[in-house]
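Look at the two complexes coming up: subunit A is in both, with subunit B in one and subunit C in the other.
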Partner chain A sequence: MSVATWVNDTLVRDPTERRIFATLAIITALLVVGVFAGVIGPRFLLFQVALVGMYALLSLGLNVQWGYAGLINFSVAAFWGLGAYSAALLTAPNSPLGMGLHPIFGFLAAIVVSALVAILIGIPTLRLREDYLAIASLGLAEVIRLIILNERQWTAGSSGISGIPSLLEWLPLTSAATTASIVVVLLALTYLFLRRIHRSPWGRVLRTIRSDEDLAKALGKDTYRFKMQAFVVGSVVMAIAGAFYAHLNLYIDPSDLVPLTTFYIWIAVILGGTGSNRGAVVGAAVVIAIREGSRFLNDIAFIGNLGLDVAPLRLLFVGILIILIMRYRQDGLLPPKDELIWPSAQKESSAASRGAAASDGGVVTDGTTSGGPSDGGENQ
Partner chain B sequence: MIPLQISPFQYIVNGVVFSSIIVLAAIGLSLVYSIADFANFAHGDLMTVGAFSGLFSVAIFRPMLGDVGLFGLPLWFFLALAFGMVAAAVIAVVTDRIIYQPMEDSGSIGLLITSIGVALVYRASIFLSFGSDSERYGVARQGPIPWIRESFGVAITPRNFVVVILATVLVTGLHLTLTRTTLGRKMRATADNADLARVSGIRTDEVIIAMWLIGGALAAAGGVFLGLEELVRPRMGFDILLIVFAAVILGGIGSVYGAMLGGLVIGMVHELVPLFNQWGIIPVGSRYAAAVAFVIMVAILLVKPSGIVGESG
Partner chain C sequence: MSNDGVYEGAHLDKDDPVLKTRGLEKAFGGLVATDDVSIEIERGTITGMIGPNGAGKSTLFNLISGFYEADAGSVFVNQTDVSDMTPPERAHEGLVRTFQTPRRLEGMSVREAMLVGPGPQTGESIFPLFFSADDVTREERANLEQAEELLERFEISHLIDQPSTDLSGGQLKLVELARAFTTNPDILLLDEPVAGVNPTLANDIKRFIRELNEEGQTFLIIEHDMPFIMDLADPIIVLDQGRVLMEGSPKEVRTDDRVIEAYLGGAGP
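Right, the complex of A and B next:
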């Protein structure tokens, strides 16, 4: 299959999507031109790429929880922090633990710790209505932040941990290029893994639970177990993003553990399209653009002269954005479509629909929200 | 804090004061939960809106009234309280009309996520109009009432009294409204089963407006009292939202009387944490008071998710 057909089949399906991808392509092209014209420093751009990649990982993690299974997790920042602190504490030679281990142990610790915490918070809440998890996870985030702030003997408190080693320093690239390539690889692996499990029978059960939990129960599924698995998988992805950030920024303190970080990721997921992995990645890029873009506002003389503080304006913008998306475009920019269906099944059913009445094709474009067990990919 | 040995009763006094604030906030949150059927994450910031509206009106009332006092506090403070309550009630209703009402179809989860956006908009508006600094109402500092201090060894300031008594009055007023008036009966009917209420001729729309008015006013009262006892900060409401939620869950989601009881217990425990720590019952001090409330909440979810008063989860 040529690249062009692949792009046509998997990325560009309808005019809206084509416009969105065209816009993204233009922006990317402008950034690249900017680098060659010397307007944008390549280091800066690579750092932003790494940041987008990290946000995309967080969004993919939240998408497993909220998009696949309908779980409301308001402690994204906390799981990210658990990952970042696991990595920082184990690998930085001058951290309070002072172990200076190889980064691989940091990543392993991030995975184990986040999985344990996810299970602990899942046990009391996942059997109950969705909003209990929302409330409990908001509390969990606060408790984790309190612990990191107060237990200075273990976490260095608000002064933070510095001296975290960079990853793969032996690569013949600049450090910015190395981290950017690592995040691209990490993101690609996570993306493929999550897409694989989303299309699997496991993913279909989750989608059923999201649209009608009672139905899933009636079909004999242990919905509690499935929700727990989704919650743990999502939280582990968030912690990996955190561990990566520790090695990207080389410094970590509790100031990013605030709820606002969590709400940024929520915007990325619902703006991108709940349940859609492509959407989560695009949403993450948009959120970074908002964050970094508003930072530049300060530099524009006109706005600087008004004496406005940008932080509250950004808060206002984020709030209004959440309200507007929820009200007018709950599907987001790139809602999930037939990517949930195995390519071979898609071919079969499109062949069938060509032969039979065109209305058969409707099954194929079934989205997540309505996608029950009768989804087009069932016979896989 | 007084460096001397603090009497255990002092912690209980602090607990009663803090409980009054939490009860006021928890009732509003619980009302929204039972009638509008969603967890309103903007409730904490609604408290902040009330507190800052009160602060705004101080500038108007204070020059008008000067030093006229009432119950040991300046009269303008009571007017500022009333102003804050009215402002928050109106803002709550307006928010419902322009944001929550048109979104009824998106269900309780859609409304929950939207309420996060509303919370951020409230807070950003406060940052933009009042700045990010902590403020005070400017009520003169008062020492504890001397005779109570001498006879019982606990420090109670006149403002402690005012907070507890006014909170009691408001809660009693709500109780009487719910049990003795037609509006109260309509509210309880709507909370119990909105469809049935509508079928029996209750205009649930009016009930929902009344609910937002009451919930907003009580939240603002809680916010103003919190600002009086501590500081008026833009993040004050969001910071205690977790504790308010813990109170609502402890009492049983959607139960107004549960919220009162839950608020009392959680508020009390929150202030007793240092005492328990001193006695060696729990290993953490007051810095973890919010975490203790959270642990209680999780324990309740494990043992009896319907709460101590609620019937169904």
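Right, the complex of A and C next:
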């Protein structure tokens, strides 16, 4: 039923989305064919799947904060690092804490620690204008990175923590397949959780706050509470991604906590479509595809013969992609489409009205200055 | 302040004031924007508030609704002192306002925008979304129905699927009024409800305000459009230079020398 509506709404009504999904399907098919043809190692591909899943979790977390509520959080890497270090410190036998606990405690600690830090940073900043959170989170990111780097007796500093156990080793799968499956499950659960809280009165108030916080206040919404909840939920999702990464990579050091990680996640959310959960997932996949795919560009004979090291130019590709998106699809690849109305309260006629809304959406896209020329051109 | 024999401004000691201010003061640096303002709004009235530019009308609105913190004085809603409350808390006490220049709710249809009004809703907390989903569904259905009825009543039900960003200024003002009404307020503060609205729609708005008032809704309305407010409101409070200049019926206001002086003669001593 819901698949049918999705096919009807997306693949039939919206040609641009149809093209995007078709492209994604072709790329996926090519990757699978590549594995069977022996060009791509299955282990490598599964590791990439796990990376995409982790990035998707991070993007989903940031999407709750920025996409739902308009909170500017520049400490994505810090919350991710808090999660990763919580897991590493508690589970690795040779970590400075040397506890060697079961991974479940690592995940629990990641959730608790990130929620606490989010609340502590939220209390002074979320009552103020949105820019204050942006500034404070920039500071927080550096503070957490420097603490982890310098407090060696607790965190092992720049030498990092190794010997983090893999997850669910008893499963009859290769470790790569196990981690990839785990991230898919984590991602699916997070996605369903976030979709439920988003398409609800709660998500609706957040979207109102994002546009006009004063209006939300005037209508009796305690905007501080809503913003705090969104900030904590988003931060916890990021920390879960970090804890997962610790068990994926089996080694963690502070060099991953650099602002560049935060930057990549912002790109993923903006590329995918701010405020859109499916966009966050697709945006994460695109960013990973560019980041990891560009490593192999030098292997292509034509580019290799240029005598130019192309791989380090990946940030340039990301930049070009952003410019293209901003020019041709301002709201991102898969912008939010759903009305934020509790699904089971929508009437029988909802299918019809949703169709109307979707076609209205198309009209709007055509009307915007950026979308107009390209769409028009393709229709002719 | 409330020594009424001497007080020359607003009429105080009304029978059943739904909103009451006492000695409200607010200064921005050296500029006194609100100077010892005490007013009372009688339940069931449409009270107008006029005054030349810079008279302090919007500042007073912001003080009453809690968006500005007063330097001195207090605000009462239904005899409850709300002076230390935040804007959302005051809204829960029954005091709801609209804005002079409403921002369009990006990415929201008119239907969604209307549904933000009622509150507090069960589904505005995270846990009930998982553990009492049925309550959320029931409330949401009722709110949807109410939204549809109100839009129909305001003769804009054809806009329900429109993105808020596509509305004209006048349509937006109507949606705002309808949404503010869904909060079930004891008093609605409207900040220039017909500014920039075409005359036909302004007449519609006037008619709807009057209808709601006949059903018992109390209004306090700031408006620059003199014919509009003189026709709609009674009594009218006149502000000038942060003070209450006078309060009276439209007729009294129209013929009062001080009002004419304030509007025409400038602010000179």
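Quick note on the criterion: the second predicted complex is superposed on the first by the 295 of 380 C-alpha atoms of A that agree within 3 Å, B and C clash if a C-alpha of one lies under 4 Å from a C-alpha of the other, contacts with A are read in each partner's own complex, and residues count from 1 in each chain.
In the analysis below, a contact is a pair of C-beta atoms (placed from the backbone, for glycine too) under 8 Å apart; a residue touches a chain by one contact, two chains touch by 3 or more.
All values derive from a computational prediction rather than experimental measurement.
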item	value
Subunit B versus subunit C as contact partner of A:S175, first or second or both or neither	neither
Touching partner for A:P336 - first (subunit B), second (subunit C), both, neither	second
Which superposed partner A:V205 touches (first subunit B, second subunit C, both, neither)	second
Which of subunit B and subunit C A:S294 touches, first, second, both or neither	neither
Touched partner set for A:Q229, first subunit B, second subunit C, both or neither	second
Contacts of A:A216 with subunit B and subunit C, given as first, second, both or neither	second
A:R196 touches, of subunit B and subunit C: first, second, both or neither?	second
Subunit B versus subunit C as contact partner of A:S166, first or second or both or neither	neither
Interface residues of subunit A shared between complexes with subunit B and subunit C	none
Complex contacts: residues of subunit B adjacent to subunit A	38-39, 41, 99, 102-103, 106, 108-110, 112-114, 116-125, 127-128, 132, 238, 241-242, 245-246, 249, 287-288, 290-291, 293-294, 297-298, 301-302, 305, 313
Residues of subunit A touching subunit C in the complex	196-197, 200-202, 204-205, 207-208, 210-212, 214-223, 226, 229, 233, 275, 336, 339-342, 344-347, 353, 356-357, 360-361, 364
Complex contact set, residues of subunit C against subunit A	65, 67, 86-89, 91-92, 96-99, 102-109, 111-113, 115-117, 119-126, 129-130, 133, 136-137, 139-141, 144, 161-163, 165-166, 179-180, 183
List of subunit A residues in touch with subunit B within their complex	70, 72, 121, 123-125, 127-132, 134-136, 138-140, 142-143, 146-147, 150, 259, 263, 266, 270, 309, 311-313, 315-316, 318-323, 326-327, 330
